[in-house]
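Below, each structure is written out as structure tokens.
One chain, chain A, links the two complexes that follow: it is found with chain B in the first and with chain C in the second.
On to the complex of A and B.
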């Protein structure tokens, strides 16, 4: 029971929260700006490298507060990058067809990879979780690493916070109105260009924070940018193309199914992820949560 | 502290290699000495395997410089011409065709077995010779054999059987083995070869090994927790970790919380070399044995080894050259010996000279078998462990296994036969 249900369920939930944390900034930017940001992984990677540099500077991650602090600093760095990207790339893309954003942001992804190689090189690096997160909780045969429990908690908290902001605050209502009709929002006095800048900064900040938070889970290399691309775009599409709630549910659905697949069909790892995605699109082509942006 | 390809010195030194590679040629000799001998290096100089390509380029460049400084071959200097295969078969074929079209008929390098298998069938038509410096697929000297292809590095069958011989010698009572493998053809080939050796040598010792079915995972997976949980339930004592390079770092990092490295008495890795230790530092799995193309520390006192190591460290400030450095270096030395022996660089002349060639290299003498063009050479292994130094890890042991009956008999044109592995 534990080995064949609880363990893959737990591991699937962990991966789902990893994917969700990675995808939040991507979802937010696509939901409002309709820019499919292929470079999102690049800024996630830069966040991870900034966090790695900070961790190495102090020797090792020793406390949870330090771990979160380092991640926030990484987010601030990528958020600042977001200001430049919004001005130079995203703003001109507002005036052209959405398909141009694919080419422009893919080019940006290549630039981020080149920048990482120039600054940090091509070697592999690894960072362990803070000492207090290094162990595991044992429930019978079920092993739950503390780091995984923290990531699951952070994923759920992030979702709850975003939901609260979107549904219950003035900022959230403003975001929905701009996403729904930017022209009308502008007519009613919203400074839409500035709003877009804030939004891109927020999206890039989230990418950087995710890079820092997930640093102990992945190997650092210039290939990190594309590590989560398939899962992230899968969750984004199945979730309803730019809907935070949909992305959250889709990440759980796809990753839990994939986790069971890796246990029961080990000869074809990853296959169930694609089958689940295909079925979801066949039966819910509009996405799990349709009709509403973000 | 860790030494890696990330620091300023490396950017400066290998940046020089890289810039020259981008222009297509390196070590351009003086024209006053007559036409240079052009050797084409095909390596992943960009993409996910760029880090390995840089090692290959460094080894080749050092060999060419050493030969040129010693007067060249047949009174001619060597010119290195580089092409990027991106570790992708299509790009590899394009690179080989481009070299052939540019009049470079003598090629070497290639990291990926997939690339080598794609390039091999094109060689005869292009009248080119390819000396493989790393790709280890058994098929290259068996069912995909072509007389235009040679391999101066070790191959999967020899290395993995030697690894099984090593662990059985050191841990004769660890007889229950399992594996975690990415879904790639070379991983399957490596594991099959390891099991073949384990079955043979354990049976010869009178204690037959028990091999449990391997766990398969996605190549480039981001999460290994399900596989780790299954390994924790295994009653095996030996773990063959076929997950390679950066993926192995991810897996061992995620496995720490489970205590995986403490559960297994012996951990082996087919060939990540310094990658895991360099990346993990103090968290390096204790006692991990890793296969090496060439480990410089095992050949101290051998002039070619010492000169190569000194030149590499001088150029890069990195005291831990990967085995790929030694393998491209050896391939250039093989060409130099063959050209000297043949008295020219024509394809047929060089093929004839490479067959049965014996030459000295950074890891001692190698002999290229005439029948299947596979070099018989030493097999190197290194054991790692964490320590309290700034680097965070140390080499706890290293071993040379001589290829005395480790490799199979040459059977070019037919698939390799695993005589001891049960189906």
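On to the complex of A and C.
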């Protein structure tokens, strides 16, 4: 019972929150700027590498506070990158066709991969989670690593926080108004270009923080960027073109299905994710949450 | 130029002939390594040209074009292993037709339900499925790849050419690539091409004029997939190895880069783009890490400064220079 239902459910939820944490910044930028940012994976990776360097410099990562602090520093570094990227790339892209912006962000992904290779080299690295998170909680036969529980909690927390900001604060209302009609928002006195800058910086900050938080979860290599980005696109599009709630639900749906899939079809791990994604796109092309932007 | 070649057919045929002759002459002029790069390049050119039939002509953004390249490659490799006596031309065209039929099936469902970014992401998901399946089938070599793909004996009735000898397979690649490119040129400039372009510009109006939008999109998707599958089929014996990497999404990004780098409006855009990319890759191959930075930066500059690609940028430049010259002559004539 536990082996066949509870355990894959738990693993699915864990990967879903990993994907969701990765996708938040991507969703914000896509929801408002309509730029499908391939390079998001690249900046996630840079965040992870920055966090790795900091952990190495301090010594072993022991305290929870250090873990969070390192992640925030990583987020600040990628956020600063975001300022440059917005000025140099995203702003001019507003004038060109959508497919060109896809190419531009892909080019940026190449640049980040090259930067990571030349700064940190191509060898693989890994980091253990802080000591407190090293154990596991047992509920009957179900083994729940504390680190996985922390990530699930972080995923749900950040979803709740974003939802609250979007639905109940002035900033959120501003975001919605710019998303639905930037021209009109500009007419009503919103400084739309500056708003875009803040937004891109926030999105890149989230990419870096996610890179730091998820660092203990994966092996660091220059391929990290391209492995995550496709799953993130899946969650984003199945969710419904860049709204946070849809992305959250889509990430859970796809990852839980995939987790059950890996249990029953172990020969091809990961296959069910894309089959579920294909079916979701065919039967509900407007996305799980249609119409709502952001 | 206009007076030299009164028709587009004449001009494009002349350009094509020059390229093909130059490529055919290369083995006697250049080193073995360079010839290998050129053979690969010509298959990549077909890859890019066929993608642009969907994008530049019909307005479909496929992000899974590599999966058909891979399916063609693996289909040929498997056929050649299981039926070594089958005529290679039959095996190559069979791989193409098989992929075209597969594309027809996929397209019938996918194109009805999704367009634009949805279609792009849907093809991306499908190509990930192909990638995962190819990397897990033991008979296809899993992640290690399909090894020992032989270059076949080409029996043309009058003569039999052993493609494993010398540069024979290279010549074969160039000739077949040229034929595939000519086929794509013909499709683009036939009534199909005109229907495709009308759909790209405005699907509603095209439908109103009596063009079957659905069938034409499907046709573009199937033709592009079939042509790229033949290129994939040729790729296996060229490298004598196929790995699932040819189905990976980063390989699907290649034809997109080629077309946009060269310019999607022109037939020759993907050719210029693929050649430019190969040149960049070759020039930066020893610079570890920096090669991606350089390629990425150049791509960014092209996209941001010349959104029409290299050919679009050149055309713009030519127009500016042309109008300047005309203005100057007018000034001279004035007094």
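By our rule, the second predicted complex is superposed on the first by the 294 of 294 C-alpha atoms of A that agree within 3 Å, B and C clash if a C-alpha of one lies under 4 Å from a C-alpha of the other, contacts with A are read in each partner's own complex, and residues count from 1 in each chain.
The criterion applied here is as follows: a residue touches a chain if its C-beta (ideal position, glycine included) is under 8 Å from a C-beta of that chain, and two chains touch if they have at least 3 such contacts.
The structure presented is a predicted model; accordingly, all values stated were derived computationally and were not measured.
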Return fit or clash for chain B versus chain C, each positioned on chain A through the superposition.
clash
Given the touch rule stated above, what does A:198 touch, chain B (first), chain C (second), both, or neither?
neither
Once the shared chain is lined up, is A:93 touching chain B (first), chain C (second), both, or neither of them?
second
Go through the superposed model and pick first if A:270 touches only chain B, second if only chain C, both, or neither.
both
Does the superposition put A:217 against chain B (first), chain C (second), both, or neither?
first
Contacts for A:136 in the overlay, against chain B (first) and chain C (second): which applies, first, second, both or neither?
first
If we overlay the two complexes on their shared chain A, which of chain B and chain C does A:108 touch? Say first, second, both or neither.
second
Touching chain B and also chain C: which chain A residues?
117-118, 122, 267, 269-270
Residues of chain A touching chain B in their complex?
3, 7-8, 11, 14-15, 18, 117-118, 120-126, 128-129, 134-136, 141, 143, 145-148, 216-223, 227-228, 231, 259, 262-263, 266-267, 269-270
In the complex, chain C touches chain A at residues 55, 61, 109-110, 113-114, 117-118, 120-122, 124-126, 128-129, 132-133, 136, 249-250, 253, 256-257, 260, 288-297, 299-300, 303-304, 307
Okay, in this complex, where on chain A does chain C touch?
36, 89, 92-93, 96-100, 102-104, 106-111, 113-119, 122, 226, 230, 233-234, 237, 241, 267-271, 274-275, 277-278, 281-282, 285
Along chain B, where are the residues that touch chain A in the complex?
2, 4-7, 10-11, 48, 50-51, 54, 183, 215-218, 220-223, 225-227, 229-230, 232-233, 245-247, 249-250, 253-254, 256-259, 275, 278-281, 283
